[in-house]
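Quick one: this structure, given as structure tokens, is what I'll be asking you about.
Chain naming follows the written order as A, B, C and D, and within any one chain the residues start at number 1.
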Amino acid sequence: MKKLFTIALAFAAMSSAAWAETIKVGVVGPFSGPFALQGKNFKAGIDAWFALNGNKVGGNDIQIVYRDVPQADPARSKALAQELVVREGVQYLAGFYFTPDAMAATALLQQANVPMVVMNAATSAIVAASPQVLRTSFTTWQTTTPIAKVAKDQGVTKVITLVSDYGPGIDAETAFKTAFAKEGGQVVESVRMPLSTNDFAPLMQRIKDSGAQGLFTFLPSGPPTLAFVKAFNDNGLKAAGVKFYATGDLTQESDLPALGEAGLGLQTTFHYAVSHDSPENKAFVAAAEKAIGNPAELSFPAVGAFDGMYVISKMIEATGGKQDAKKAVEAVKGLSWISPRGPVTIDAESRHITENIYLREVAKDANGKYYNKEIQTFEKQGDPGLAFVKK
Amino acid sequence: MQTVMSIAIDALAYGMVLFVISIGLSVTMGLMRVVNLAHGAFAMIGGYLASYAARDLGLGYAAGVLVAIIGTVIIAVPIERFLYRRIYGAPELTQVLMTIGITFCVIGITNFAFGPTLKTIPLPPSLQGSLDLGFRSIATHRIFAIASGLVVAALLWFLIEKTAFGIKIRAAVDNAAMTAALGVRTEIVYAVSFAVAIGLAALGGVLGAELLPVEPYYALRYMVTFLVVVSVGGAGSIPGALIASLLLGAIDTTGRYLAPEYGEFFFYLAVILIVTLFPRGLAGRLK
Amino acid sequence: MTNLLDVQSLRKNFGGLAVTNNVSMAMAPGDRVALIGPNGAGKTTFINLVTGNLQPDEGRVLLVGEDVTERKSAERVRRGLVRSFQVTRLFYDMTPEEHVALAVLQREGTAGQMFGHYARRMAVMEEVGEILDQLGLTELRTLKVREIAYGQQRLLEIAMAMALKPKVLLLDEPAAGVPQSETNRIERALDSLSPELAVLMIDHDMDLVFRFATRVIVLAAGTIIFDGLPKDVTQDQRVREAYLGSYANAGTAA
Amino acid sequence: MAVPMAHQPKPTLSIGKRFTDNGLLGVLAILIIGLLGYFLVPNNLALLTQIVAIALLVLSIDLVTGYCGVATLGHAALFGAGAYAAGIAAAHFGVTEPLTMTLIGLVGGALAGLVSGLVILRAHGLAQLVLSIAVIHLFHEAANKASGWTGGSDGLSAIMPDPIFGMFEFDLWGRTAYVYALLLLAVVFVALRLLVRSPFGMLARGVREDPIRIAAMGASAHSVVLRMYVISGAVAGIGGALSAISTQVVGLDSLSFTLSAEALVMLVLGGVGSLYGALIGTVVFMLFEDTLSAANPFHWLTIVGALLIAVVLFAPKGLYGTGLAVAGRLKRRPS
């Protein structure tokens, strides 16, 4: 019995040895189901990176192995991550759209000797869960905090917050309240909406009744944002001059055509706009649009994936293709480069990305295409949420 | 008082949208006795077709609605002929398996063909904007949805209660073998009923698109809502579905206004209460 | 000696229609009563009221002196009031052996036991074997009920009732649908019932009724119009009217 | 087997029959196939462990759906309750001994079974289905609200089970977890085998076919099904605890409508009303899903849908039921 087992193990070891010059990267994300669009953007970002940089780093081929977790499902995410490490022999884990999925997989990293590059999941605590986690996306705290300043600067002192009742929504609510209080503003009411809300009209009535001058909201990207914005306009709040503030999740580029006229003028803060004007971004967008097929589908997870691949390539360089998670992570601490979103740095201490946050407004270009127009830059923003992570 | 009025209007508008989308399911489940979990899939197909016709081909809203209804029915005909006909009268669980399978396929194919982004159906200028009621404003398309809902309810009631075809449907439901023996071709009755139900699904998908946006996962996302409406109303009953839609719309809307945090609890506790009190649906008691 | 079953002034309306109208009757140990009456007289409703499948609007049902009107039908069964169904209600995926064994176990109070197989218990198997043998079902004991003939299913209904060892047994048309060749099995089974037991039988088969019953009750339009000896029933004027009247009206009523 | 045994008043059970009756054959099959899995895919044991956990959920649905005829789309409530009970015990109260955690999961699941049984059994048919949907949404929302205990939508992590018996540590390869899972499944399977063949199991089958008949025998159909719901909760709870122990996280998805519906689909796929059907359905569906979604993470859902349709068309009694029928026909032909 034991002998058989040893043989099986030996086989497993041999097979990974034989593939040594191909370095595998396991990417876990939602590639089917309701969030398939975001998974598609992961892939587009990664493909764009390959298109611009080739798939060799220092003589090693990089191969991506995709695994699908359609909806937040930590048990499945962990099982797949485990399978990627043990069976596929991946040296890097990456992707992770949802926080619980990322959290679940962090438990494996140390024993597996594998670094994890979070390409989206936006809860501050993930990087604290293991010293082998890096993040190339953003946190909800990071993108929310600046909008409080924007509101104050526009003379708004009374705000009502409406957020979806789940982790990121609650994060956004807390972040906004904290930041807005620091600015001297007042949050008159905080409402949490169930994720399954279809009809937002009654909530609009609540906004009206609260007497707030402005609204801060956080909703997951996708169908609810459309209904929410339409309800805001249809119920006369826009006409009444109530200011609308949100993070960029609400105006992600792939939702803009659906929002149409209703979205015009919405102000959001975010780390990336597809329209960002820089040579790096032009190259990236060209490659990513080609990779995704339909340019209208390109959205923010792609840039997180693209930069994630950059960090992974640097780690491969630093270790010469050998599996050594500690050395790899050490090598990219403090790493700075020009991302399609602007200048960024992997913070040496938190391993989270420091980046510019932009205030953008939805506008229409000459071809009638809607885009997020950057109008103000908050430079070198770290993650204010880290201070609140329970140890 | 204004707030109460305002909530009442929201409740009515939401309830009527629920009605328009769910009534087709009530027909398949009540009259044809099929647990049709693919109802949302057909509504979604309708939405996609309308979006394609109205937005991408620029045919306009009215044409979009027509294309949606006719197109969805055409797509549904072979599905009825080759798949549904095999599960009429089969155990509920078999029907669940088959219709979930169909839903998965539709989702996958839509995702492949149209991509995962939201699709909108551009409204004609007359339905855009909102109507000022003095104390509040209401979106014009919602008024349109309310009116359409009432028209659909009336037409359907007329079809089932007052026409020869309606008699055949009701007879076939009561006793298919006996009806067949009387010379009624039940498979045609079933096929036509199915087509009507699918047409209603497509119409609902289009009319409700402002509230329940069209995207590939639509087919599963709202399935539970439709099921709840139909069973609370009593499958197969038009007045039942109407009352259930309005009632659930009212509960949902009030719950979301008064205690949005606990809106889910509010809604489902109410469902449990209603279903326990009226196990055969609201219409089961009204008769 | 208390009556085993005592029905007092039962009344039940459906809508405005009195289906059971002030019905009283009693049965003592050893009684063999036949309940007859024209179609629509309310016989099955009466049985359902007695067993608790329906709740009466007025009146009481006493079982061995205890008022069971408010009790659920299952509780009445546990107190010894057992019925068979007019249309067989059986478990079509189970075998006759399992049916009877289940009834025996239920009577013993061990049907809720969550381990062990009944076939391991000699006493149970012996009793099951006896009952099946008595009704000529032995050869079919391991077939699924859906595979056996309707007449045999009727016999199984009676077998289950017998296995429950009732004090009062209500048989709703036990011989309906049973081929002539097998009715004698039913008769023999009925003859073998404990003399302590009270039996109420509904049937249209007058031969069976007269052979079996020591007393006949005639129900018409929800009211008892005759309660007496079998030999007197055909002479009774009201009974004749009820039957002939119903024939006369049959054309318009149907 | 189906040939009537003429005049055999006291059938005694042969050793061979007893062997199959108690499901020893099934246990052997579970262990052999399980160990085969261990050696054939030694590096995907995490998936195999997940399959076992879900198999327990599917067995649990079979108890109420297959044996008692209750329609439910909310059974994950029982599984999730077990998972959260075990997870909360470990993360908040430091109960990290795996056997104890499993036991806590069992109790949590049984309680959830009692609660949902009390609600769901108040109606029949479609109404019952809707009640079960309401129940799962209420459980899900309650867990989302109680984020202090459950971690809300971020999931409950920091579950660190001790080594089993202080000897076998939960390793990266998932060997310990898998062996533990297989043994749990074997034990549960034997227990359920005994249960469904016991007088109570017979009573339950009777309820499925005709609750009025059961009442006419003096038994209470409601109490039978409610008891079965509690047992079913215990089984699902063990599955949930196993999932919490082996993956060391519990997410809201374990209390979701999606999981309930998927598990029901697996059951119908395998064949309702037989323990083997439940096991086969789970294994086939999950392996199929895993292979497909690995081969094509983008479009596998379509193929799963097609599979379900094919099963309804060509194997209407489920894989196991139809397999048995085909085997029976083949066997009968030569004689």
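Keep this in mind: a contact is a pair of C-beta atoms (placed from the backbone, for glycine too) under 8 Å apart; a residue touches a chain by one contact, two chains touch by 3 or more.
Here the structure is a predicted model, which means the values were calculated and not measured.
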{"item": "Chain of greatest Cα-centre distance to chain C", "value": "A"}
{"item": "Centrality ranking, top chain (CA atoms only)", "value": "D"}
{"item": "Approximate Å spacing (C-alpha centroids) for the pair chain B, chain D", "value": "33"}
{"item": "Averaged-CA centre spacing for the pair chain C and chain A, given as whole angstrom", "value": "72"}
{"item": "Approximate Å spacing (C-alpha centroids) for the pair chain B, chain C", "value": "48"}
{"item": "Rounded Å distance between chain A and chain D, as computed from the means of their C-alpha atoms", "value": "36"}
{"item": "Shared-contact residues (touching 2 or more other chains) in chain A", "value": "32-33, 36, 40, 165, 194"}
{"item": "Touching two or more other chains - residue numbers and ranges from chain B", "value": "108, 111, 261, 264"}
{"item": "For chain D, residues contacting two or more additional chains", "value": "141, 299-301"}
{"item": "Every chain pair meeting the contact rule", "value": "A-B, A-D, B-D, C-D"}
{"item": "Chain D-facing residues of chain A, complex", "value": "4-5, 8-9, 12, 31-33, 36, 39-40, 66-68, 71-76, 78-80, 82-83, 85-87, 99-100, 103-104, 107-108, 111-112, 123, 125, 129, 165-168, 170, 194"}
{"item": "Chain D-touching residues of chain C, taken from the complex the two chains share", "value": "51, 53, 72-75, 77-78, 82-83, 85, 89-94, 98, 101-103, 105-107, 110-120, 122, 125-126, 129, 133, 138-143, 160, 164"}
{"item": "Sites on chain D touched by chain C in the complex", "value": "2, 4-7, 9-11, 13, 21, 194-195, 197-203, 205-206, 209-210, 212-220, 224, 227, 231"}
{"item": "Parts of chain A lying in touch with chain B, wherever the complex brings them together", "value": "32-34, 36-37, 40, 165, 191-194, 196-199, 201-203, 205-206, 209, 222-223, 226-227, 230, 234-236, 239, 254-255, 257-258, 260, 293-294, 296-297"}
{"item": "Contact footprint of chain A on chain B as seen in their complex", "value": "3, 6-7, 10, 13-14, 17, 108, 111, 115-120, 122, 130, 132, 136-139, 142, 210-213, 215-218, 220-222, 225, 252-254, 256-257, 260-261, 263-264"}
